[in-house]
Amino acid sequence: MRHLLTLDGMPRATVVELLDRAQHFADLRGDVDALKGIAACTLFFEPSTRTRMSFQLAAMRLGAHVLNFDVSTSSARKGETALDTMRNLEAMGVRGFIVRHHDDGAVAQLAAAAGEGTALLNAGDGRSNHPTQGLLDMLTLRQAKGDDFARMRIAIVGDVKHSRVARSDLHALRALGATDIRVCGPAALLPEAATLAGCRVTHDLDEAIDGADAVITLRLQRERMEDGLVESLDGYHRDYGITEARLRSAAPGALVMHPGPINRGVEITDEVADGPRSLILRQVANGVAVRMAVLERLLAARG
Amino acid sequence: MRHLLTLDGMPRATVVELLDRAQHFADLRGDVDALKGIAACTLFFEPSTRTRMSFQLAAMRLGAHVLNFDVSTSSARKGETALDTMRNLEAMGVRGFIVRHHDDGAVAQLAAAAGEGTALLNAGDGRSNHPTQGLLDMLTLRQAKGDDFARMRIAIVGDVKHSRVARSDLHALRALGATDIRVCGPAALLPEAATLAGCRVTHDLDEAIDGADAVITLRLQRERMEDGLVESLDGYHRDYGITEARLRSAAPGALVMHPGPINRGVEITDEVADGPRSLILRQVANGVAVRMAVLERLLAARG
Amino acid sequence: MRHLLTLDGMPRATVVELLDRAQHFADLRGDVDALKGIAACTLFFEPSTRTRMSFQLAAMRLGAHVLNFDVSTSSARKGETALDTMRNLEAMGVRGFIVRHHDDGAVAQLAAAAGEGTALLNAGDGRSNHPTQGLLDMLTLRQAKGDDFARMRIAIVGDVKHSRVARSDLHALRALGATDIRVCGPAALLPEAATLAGCRVTHDLDEAIDGADAVITLRLQRERMEDGLVESLDGYHRDYGITEARLRSAAPGALVMHPGPINRGVEITDEVADGPRSLILRQVANGVAVRMAVLERLLAARG
């Protein structure tokens, strides 16, 4: 494993190894020296303070030197290509790049052009991939529901069409052998069929939730209303918002996940988000552990 | 002591312990490992590079991992509450939050909602509290004038009404037993009576300065002129600006303090600010030592 | 050597010592503890993410605490002078300032006002000096062409008039004994005669390149076109752009340098920039090593 660009096609054994290592870091709660002297750089073409900080803290806990390159505000933007920016940082000795980009495939393109000693870690590209989110969601599910993914009933609800989180979750769930995956949202927010291969697709939230062990609800970009894809936030909440009432038909002890930041009262009520079913903060906590595992795996040999 | 939200009501013994420890760090001038492996985060809803850096350097010198979350420029601002932001960072493992907020009481509100393992440090909220500034001002006074606060004559001059520095200084001075405190400013810039309990209040600078051992002058926000609270900067300087001439009636060896950044020629002349009476840079130096003492006290047991 | 403000007049022995130490760090590729516990601060009045990161990484590799003060976006800008900002950071314990400023001489002015224990490192002021760029260019030349600068034929091409890089290169080349220096650009972009003392000056690129061992091409600010100093980017490229065809008359094995960021297709073609003659990324790599050498020299004794 040289880069982490996608979970699509990742062997089950690799996923499990990364989750096991992440669980080790989650239990440890301390620092290790695995990346002492190694420089990593966040390279965010699309801003996200929370995701950046999670990676930053993970790299710090491994002893790395961490640089933050916020391309959206940087002067380097002027007249320099993403590739030149990366090559320059590579020349300075940066060994790992944590890249977020608004364009699908942009991180893979950079990875293809990277030097031999360099590892790229996709922190989200377009609507395509967000592999560490997929891994942290699996770690969270595994902690809560055990590792028999074949018997798990998972509902993914919301704007699946524009969601890299949903795609990475689907990749990971398939790798781990999940078979009962329900995907639910309004027609305008569901993706092409290939993305949904093997899933049960429905526009009816009750059908999706029925007997589910876990509901992964997705963030709704408010721009979707302006795009005309969602009629109103109220209407969206009525049809696809996760509430305690809707969850009554789920399996006993059904849990709820969300990649954050949440729109309270839109995708999910406060009662659910802050209640005992919510794994939302556990997901955030697992994010640091998963990113430590990935950074260690990609970079520990690159000193 | 779980959080540091205010100096109001802090026992004298606690203030003295913090000052003693800060003095230790001021003398040491080096690094310690007290917070090794502990993550702290600055969370500034109101920007202030200088204060942020002072806390940042203090945390670094204690060996902590330091994250900076500038909420005013962050993408997280969009649709996420301050509370959700804090809870997310808590979930990532952040143990200490250094919070500045434009609203009175906002830091205490966050502290009330914080998890058990989390400490909040108020780096300034509204016009209410700036406890580390109060402590560093006391450390500075103690270094210069000894620890017999009961015999000290202190003048606080300027926009006391809008000043969290003045309020924290008053809390600390009372805790340390000061009895001769003169508060001076134009009527429009003096606060309600409760804030000034036990102080001698005057609009006449000469009366405030007469026999004073130290004059604490406050920053004048230029917006006060637009608000109509100050007629002109020249007029303000004439009536309340600290000059060598005005200081002639002070006690021999009277000293001058200012929390910075100073408006040269408004609250204070260059001659005074850069002269032998000025403790301004000593205050800045003590800021790092005081913040080390507070961070150590709040966080050292939270690894 | 207390500050590093300019290479003008630096003794050859000092230049060589710094280059030797930088070569040591370039070979080492790891961390050292030379600046453990010492705080350094980048203080950029003109933004430059790349240069800042190179210094930041150099300081981190030496074990320093590194603060970044981006004055162009900072709140401290409001009503506080550069000098007050520096003095405040000095008071906080910052021992080294890495300063970039748009005004000629501004860094030297700050240095003149700095406290005794403080070192300033000029990271570029106006069009005057960029000493670490001069040093890294010399290190790059020495690695590629050996240390007999007296026999080297160097062409400096482009907007020499506005280039602090060119000036620092000229200072360093003279210190190292170079005698065959050709300076080439359109009349409107060549500086006053004093700057070019001892150089062969020409407007004809072929004449400058003829027999050259190395061509240092400079960044063209696109604003020069708006200023009327350059008629068109195409015209500039035709007359002064470095292409493989133009390089045919250079010495065998002639190499090309550029301080970056490059305007591809303006100063230089992709073919040259990314080809075997290009030392551009080697320059970037050497930047970190040179900055480590300078930071160590200026700060190691200031703990």
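In order of appearance the chains are A, B and C, and numbering begins at 1 in each one.
What we mean here is this: contacts are C-beta pairs under 8 Å (C-beta built on N, C-alpha and C of every residue); 3 or more make two chains touch, one makes a residue touch a chain.
For each chain, UniProt lists the protein as follows: A, B, C = Aspartate carbamoyltransferase.
It should be emphasised that the depicted structure is a prediction, and the values quoted were computed from it without experimental measurement.
J.: Please categorise the chain-chain contact pattern as a line, ring, star, complete graph or other.
T.: If you draw each chain as a dot and join those that touch, every dot ends up joined to every other.
J.: So subunit A and subunit B are the same sequence; what rotation in degrees superposes their CA atoms, nearest 5?
T.: Value: 120 degrees, nearest 5.
J.: So how far apart, in whole Å, are subunit A and subunit C when each is placed at the average of its C-alpha atoms?
T.: 41
J.: Spell out, as numbers or ranges, the residues of subunit B touching 2 or more other chains.
T.: Residue numbers touching two or more other chains: 73.
J.: Of all residues in subunit C, which touch subunit B in the complex?
T.: Where subunit C meets subunit B, its residues are 36-37, 39, 41, 65, 67, 69, 73-76, 78-81, 84-85, 87-94, 303.
J.: Which positions of subunit B touch subunit C when the two form their complex?
T.: Contacts found on subunit B: 29-31, 47-50, 53-54, 56-57, 60-61, 73, 222, 260-264, 281-282, 284-285, 287-288.
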